[in-house]
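What follows is a pair of complexes built around chain A, which joins chain B in one and chain C in the other.
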Partner chain A sequence: MSSTEKSQELFSELHVAYIKNLDTKRDDLEYWLTEHLRLSGVYWGLTALDLLNNINALDREEVVKYVVSCQHENGGFGAHLRHDPHILYTLYAVQILVIEDAIDAVNVEKIVEYVSLLQDPTTGAFAGDEWGEIDTRFSYSALSCLSLLKRLDAVDVDKAIDFIMKCKNFDGGFGSTPGAESHAGQIFCCVGALAIVNSLHLVDADLLGWWLCERQLKNGGLNGRPEKLEDVCYSWWVLSALSILGRLHWINKDRLIDFVLDAQDPESGGIADRPGDMVDVFHTLFGIAGLSLLGYPGLKPVDPVYCLPKHVVQRIGLAERYHV
Partner chain B sequence: MHGRKRVKPSAEVERQRKEKEAAKIKEYSDLVDACLNKKDSKKFDTEAFNYTTKILSQNPDFYTIWNFRRNILIYGLLKDADTDQKQEAFSNELVFLQALFQLNPKSYWIFNHRRWSLDNMPYPDWQRELELVGKILELDSRNFHGWDYRRYVTSKLSTKMANTDDENNNYSAESLTESEFKFTTTKINQNFSNYSAWHQRSKLLPSLFQEKNMTDAEKKSVIDEEFDLVKSAIYTDPDDQSAWLYHLWLVGREIRHISVLGAYFDPRGREIVLSFDDEIGMLSPFLVSQGNDTTDNNRKVQGNWRPAGGIFKHDQLNSDRLYGFVWIFTLTEDISTSSTLTVTIEPSSIVPSHSEARLMQTIEKSVINILNTDNIAMSTQSKSVDVEPSIVPAPETLPAIAQERADLLKREINVIKELLDLEPDRCLQTLISLLNELKYASLLESNEANLLNDEIVSYCDRLIKIDSLRIIRFEDLRSKAIFEKETASLVQGSLEDPKTIIYNQTTLANFSSQSSSLASLSLSSKNLTFIPTPSILLLLSKLDLSHNKLTSMSFLANLINLREVNLESNLILRIDGVRELRVLKEMNLKNNLISTFEAVRDGLLMNDSSSRDFQEKLKIHLTGNPLIADNISTEFHVFNDTYDIILG
Partner chain C sequence: TFNLWDNELSFVEDLLEKDVRNNSAWNQRYFAIFYNPTKPSEEFLKKEVEYGISKIKLAPNNISPWNYIKGIIAKSNIEITVLEELCKTYSQSDTISPHALGCLVDIYEDHVKRGLTDKKELGIKTCILLAEKHDTIRK
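Up next is the complex of A and B:
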């Protein structure tokens, strides 16, 4: 898209329609090949809809019924019916149920048990599932999930913090495992997890804030690592971390807003990774959530730690754990 | 969906595509159904295995199918297999994975399954895996899955080497750390912008020092080579961040000291006020006792701690920790006058707010004695909350002696200054960091510190013109330097430890004799975007902050002795931080950005309005704000008892 035909505004109605229609694309092969993103897709879509003041565009009863159907005997949730349980989908399920105020529809105690069994008692790390993959994404998922369920007591929080701090790097950022390179997505997970367990004092806000604001490129977009391409999803990963650290003002907000708006599909709705690309619901949420953090008018405020609408986090009585 | 161009095919093209896809969809979903049926009925047979191969070839992110495939191997195909059969089966897995990897170089699940296969293989060939990952990083030298995998492979190799007899060890001439270090050199020389390789180097360098048990001189020569490498990288590609960030890491950052600026007892409110030069959280209440006995014979004094402007809730100690620069202890019992109050700060009861540079590992116990009289009394002895000097994040790479460190910083400052014309943006940012380090590294006379601060301010001014994306960060950096310079007259280096600061004699004298002349300070027109250390201003009665760029006034909560404050012509959006300022009489907020009634009301109303004990009304000037005076002036009547609000 050239600068002359710049998108001036957020096409809220188109995005609502786009999200509503996601489940009507069963004649696309893509729909079937992305089954492992179905439950995540519901979370991305529902959160985006709520931020767009249109939560009722998805039928609450159907959403809750679907989420419940993804839960397994052991308490964990799979990506879709018949898919294996995994901590990522367990968090998505809890997030959806919290948004819909329907946590009572599932057995919470079983979820707590599932999540707590994934912690390695020696290192404090969390595995994604029974196969044992370790990643700080799973530390965030576990702590966020238990915090939303008010059951952080079920795991060893100090050990969980120890593991996250082992993933800290020379640039102040965090990687997926000890030794791994800093990446904006992992930084969101680690900073968010530390915020949840009240340990932001372990983050060097000035150094990391600098690294994060250096993610903004001349076109206004943000990348996730030095010398990489910009991508709308980093409007969330980078921005939420900056916001948690109280340094959101260190980037140029107007230029980023323009970049995200340019990545919209002005005909069929949805937001892409960058201007001119195919849209998807993942980038649609993170574009909208980013705009919400930037104070774009007409959107509900989003909580940077939980990536949920702020009113939801307030309703369940969780404190704001970041610098305003 | 990353990097796929948006196309809007015609209706006809769409129809044809869907027609074509219909058959594929049928085939694929039948296949998935058949496979999941096998899974549900726990049929771990060859047919099921072939299903997984077909599905994963099309869709390697279908993690459930990978899980099933592993179970088929464990509980089915390899259940009674001998070593050779297992070796063959897992070798086949590796071949299958390699083919999939070509099409999907960034799938987590492919790498996962590879690790699992190798971990279960009787004779894994780690050397071959190392060569393979070398090729992966040739295809894409920034693939973080590739780098993660490389670390996994080398950790396996080093375990193997540790367990192998020396005679059979092919690698003994050169350690794995050394060869991996060389690998990063190769990668960096191929492309100086390879941030992944620089990162990897930051992990290997400390291990190398440790492994080789290097002397300080040997380390120094290795680090000097690192500085040379960084310099050639900067000359080749000055705009690239990788080398600059590595440079900053090589230089290191010194842990800052948190100081107790001072403490006093205020008999009117029966409060002890304790002031730090950084925000701290209190993990457990500091002990307050009566008597100046250094043994444990002092009597504990009852009362409660809270940060200025905050309400301390004991039941939330663990979940919602409060932070503050200024902490207030309210006595809940009567004590005899003219005795000494002692505050004891245990290292374990304090936590810094959020900067790694302030992390305290070895705080000494700090004792503060305050003479309790009928008048406000300052502490007789203010000992710093001390830390052992140490450097983060890589102490083993840096000179421990202060003078050596100062020399290193000065050398690097000169090196960077020579590059200034090449790439002003990065150079200036690095210079600011180096100058800030220099301020803490050497025990500077205040005029020297002022010169460094002036230099920092001038670099920030230039950056603000160059880098339009990060203007406010540079304004914040500038504010820090300006604030430090402009408030230098209020504090001095502590005699016990010159790296910590305390209120100086003039400040204290002005404060204790406040009836005669008001202790005041003007910071008008200084381009301040925020107040970095409000506690330095604690003892002031009068403060002029007019014509700055402040967006928030919440820092005022710390300035509990303020009588008059001028915030005219700033960018303040809402009233904040004044609810507990008991002696504040006049506040000028003319020409700010306060636009709603709520932005005024929420900052003024007490949670429990009856507890408000203003001696006189607080006069607030709001002229020149976007508030629409006509509509809401009547609403301000609710404040008439405690506030005198002037709208225009």
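Up next is the complex of A and C:
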């Protein structure tokens, strides 16, 4: 792939085709090696398609049927048929069903029960599954999931906030557990979670905003923490956090847009983690979502807290709890 | 107890000797000091600031020790003005570090907050210098 020609436009049609074709690659080993990410892939693909104004590229009935098949008796969802339930895939399932306006297709009470039982009543932290791994990603998954279902009453929100705040570091950022290094992905999760429960005032917005905008490198791309490489997915994790904190303008927008566009595959569609690398649906979503936040034309607006198209969040009546 | 904390700091020091830019190690240093059941004394924290400064001198454009020192200062009675000399060194010589300039802005802001408004002009000038020459991606 030529790396000397700079892409100046978003190849929307190619990306739609790329996403549509993902599920046809059943002769590829990679298709089966990523079975544990299948449900995630549907969320990433579907959200990207909707932002690209092409949600019907995936058949709604088939999508819903697939999601339903991933629910376990205990209410949680696995990544694919016969994969164990986990809070991450439970969030993806709810996100997909909310986009497709089909939440009635599943047992919502059971989902609420599954998620609420994952909270540690002492620390307020959330485990990922029955095996007990604790991570602020799971706090976000839980609060986002329950918020979309309008059932935040099912957990101890104050304790959940306590735990998140224990993960705040000296540089203003957040880590996965108390004392863990600040990381843009974790920061998105913590800031997003705090926004959902109306607690953004607990964040030192200037300090964290500065740490976040320091992620932009001379090549225009963003990294996830100091001294690391730029990566398109950080144009979501960093950007959404900055957007929630009302400091999106602290980033050089044009340089970042150029960086994301440059990471596209101009022949087969899709976006990679950086220019020249192989594409995947994860980076395709986060590149497009990042472009949407930056106001790139032709894309639907995305909600930085829920990482869903804004019209979906508005349809279910959730208020915008962040700075614009 | 198993005295697991005793060796943590020397382990971190090894990591930083090998690579002063290891952000994870800087974070671990903070963790080893402040999450330690034995709380650090003011004397200890002063030494940490000196340690940080010595590491900044190795690579003034490396942001980790700058963030680290500011974190230490926030948790102690040490004032940010202790960094003024260091910042001035790296804003006037051949090696200009945007972090030094940024820190100077913080210092001037600190001055102004205490009612010493004479530094306000200098603070604004430094910001402009940063935006136009030394850290242009972050206007």
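In the analysis below, the second predicted complex is superposed on the first by the 320 of 324 C-alpha atoms of A that agree within 3 Å, B and C clash if a C-alpha of one lies under 4 Å from a C-alpha of the other, contacts with A are read in each partner's own complex, and residues count from 1 in each chain.
The definition used in the following text is that a contact is a pair of C-beta atoms (placed from the backbone, for glycine too) under 8 Å apart; a residue touches a chain by one contact, two chains touch by 3 or more.
Note that the structure is predicted; figures quoted are calculated from it, not measured.
A.B. asks: Based on the superposition on chain A, does the combination of chain B and chain C result in a clash or a fit?
C.D. replies: clash
A.B. asks: Looking at the overlay, what does A:159 touch: chain B (first), chain C (second), both, or neither?
C.D. replies: neither
A.B. asks: Name the contact category of A:72: first (chain B only), second (chain C only), both, or neither.
C.D. replies: A:72: touches no partner chain.
A.B. asks: Contacts for A:27 in the overlay, against chain B (first) and chain C (second): which applies, first, second, both or neither?
C.D. replies: The first partner, chain B, only.
A.B. asks: Which of the two partners, first being chain B and second being chain C, lies in contact with A:245: first, second, both, or neither?
C.D. replies: Only chain B is touched by A:245; chain C is not.
A.B. asks: On the A-aligned overlay, A:227 touches which partner chain: chain B = first, chain C = second, or both, or neither?
C.D. replies: Touch partners of A:227: chain B and chain C.
A.B. asks: Can you tell me whether chain B or chain C touches more residues on chain A?
C.D. replies: Counting residues of chain A touched by each partner, the higher count goes to B.
A.B. asks: Of the two partner chains, chain B (first) and chain C (second), which one does A:203 touch, if any: first, second, both, or neither?
C.D. replies: first
A.B. asks: Classify the contacts of A:151 with the two partner chains as first (chain B alone), second (chain C alone), both, or neither.
C.D. replies: Touch partners of A:151: none, neither chain B nor chain C.
A.B. asks: Name the stretch of chain B, from among 200-208, 308-316, 344-352 or 560-568, that runs into chain C once the two structures are superposed.
C.D. replies: 200-208
A.B. asks: Taking the two structures together, which residues of chain A meet both chain B and chain C?
C.D. replies: 169-171, 175, 179-182, 211, 213-214, 216, 218, 220, 225-228, 250, 252, 255
A.B. asks: Taking the complex as given, what residues does chain C use to touch chain A?
C.D. replies: Those in contact with chain A are residues 21-24, 27-28, 30-31, 35, 62-64, 67-68, 70-72, 74-75, 137-139.
A.B. asks: For the complex, give me every residue of chain B touching chain A.
C.D. replies: Residue positions touching the partner: 1-8, 18, 21-22, 24-25, 28-29, 32, 36, 39-40, 58-59, 61-64, 67, 70, 108, 112, 116, 142, 144, 147-148, 151, 193, 195-196, 199-200, 202-203, 240-242, 245-246, 249, 253, 281, 318-321, 351-357, 359, 393-394, 468-473, 476, 551.
A.B. asks: Once bound in the complex, which stretches of chain A touch chain C?
C.D. replies: It comes out as residues 169-171, 175, 178-182, 211, 213-214, 216-218, 220, 225-228, 250, 252, 255.
A.B. asks: Where on chain A does chain B make contact in their complex?
C.D. replies: My answer: residues 26-29, 32-33, 35-36, 78-79, 82-84, 86, 129, 131, 133, 169-172, 175-177, 179-183, 198, 200-207, 209-211, 213-214, 216, 218, 220, 225-228, 231, 245, 247, 249-252, 255, 265, 267, 272-273, 276-280, 282-283, 319, 323.
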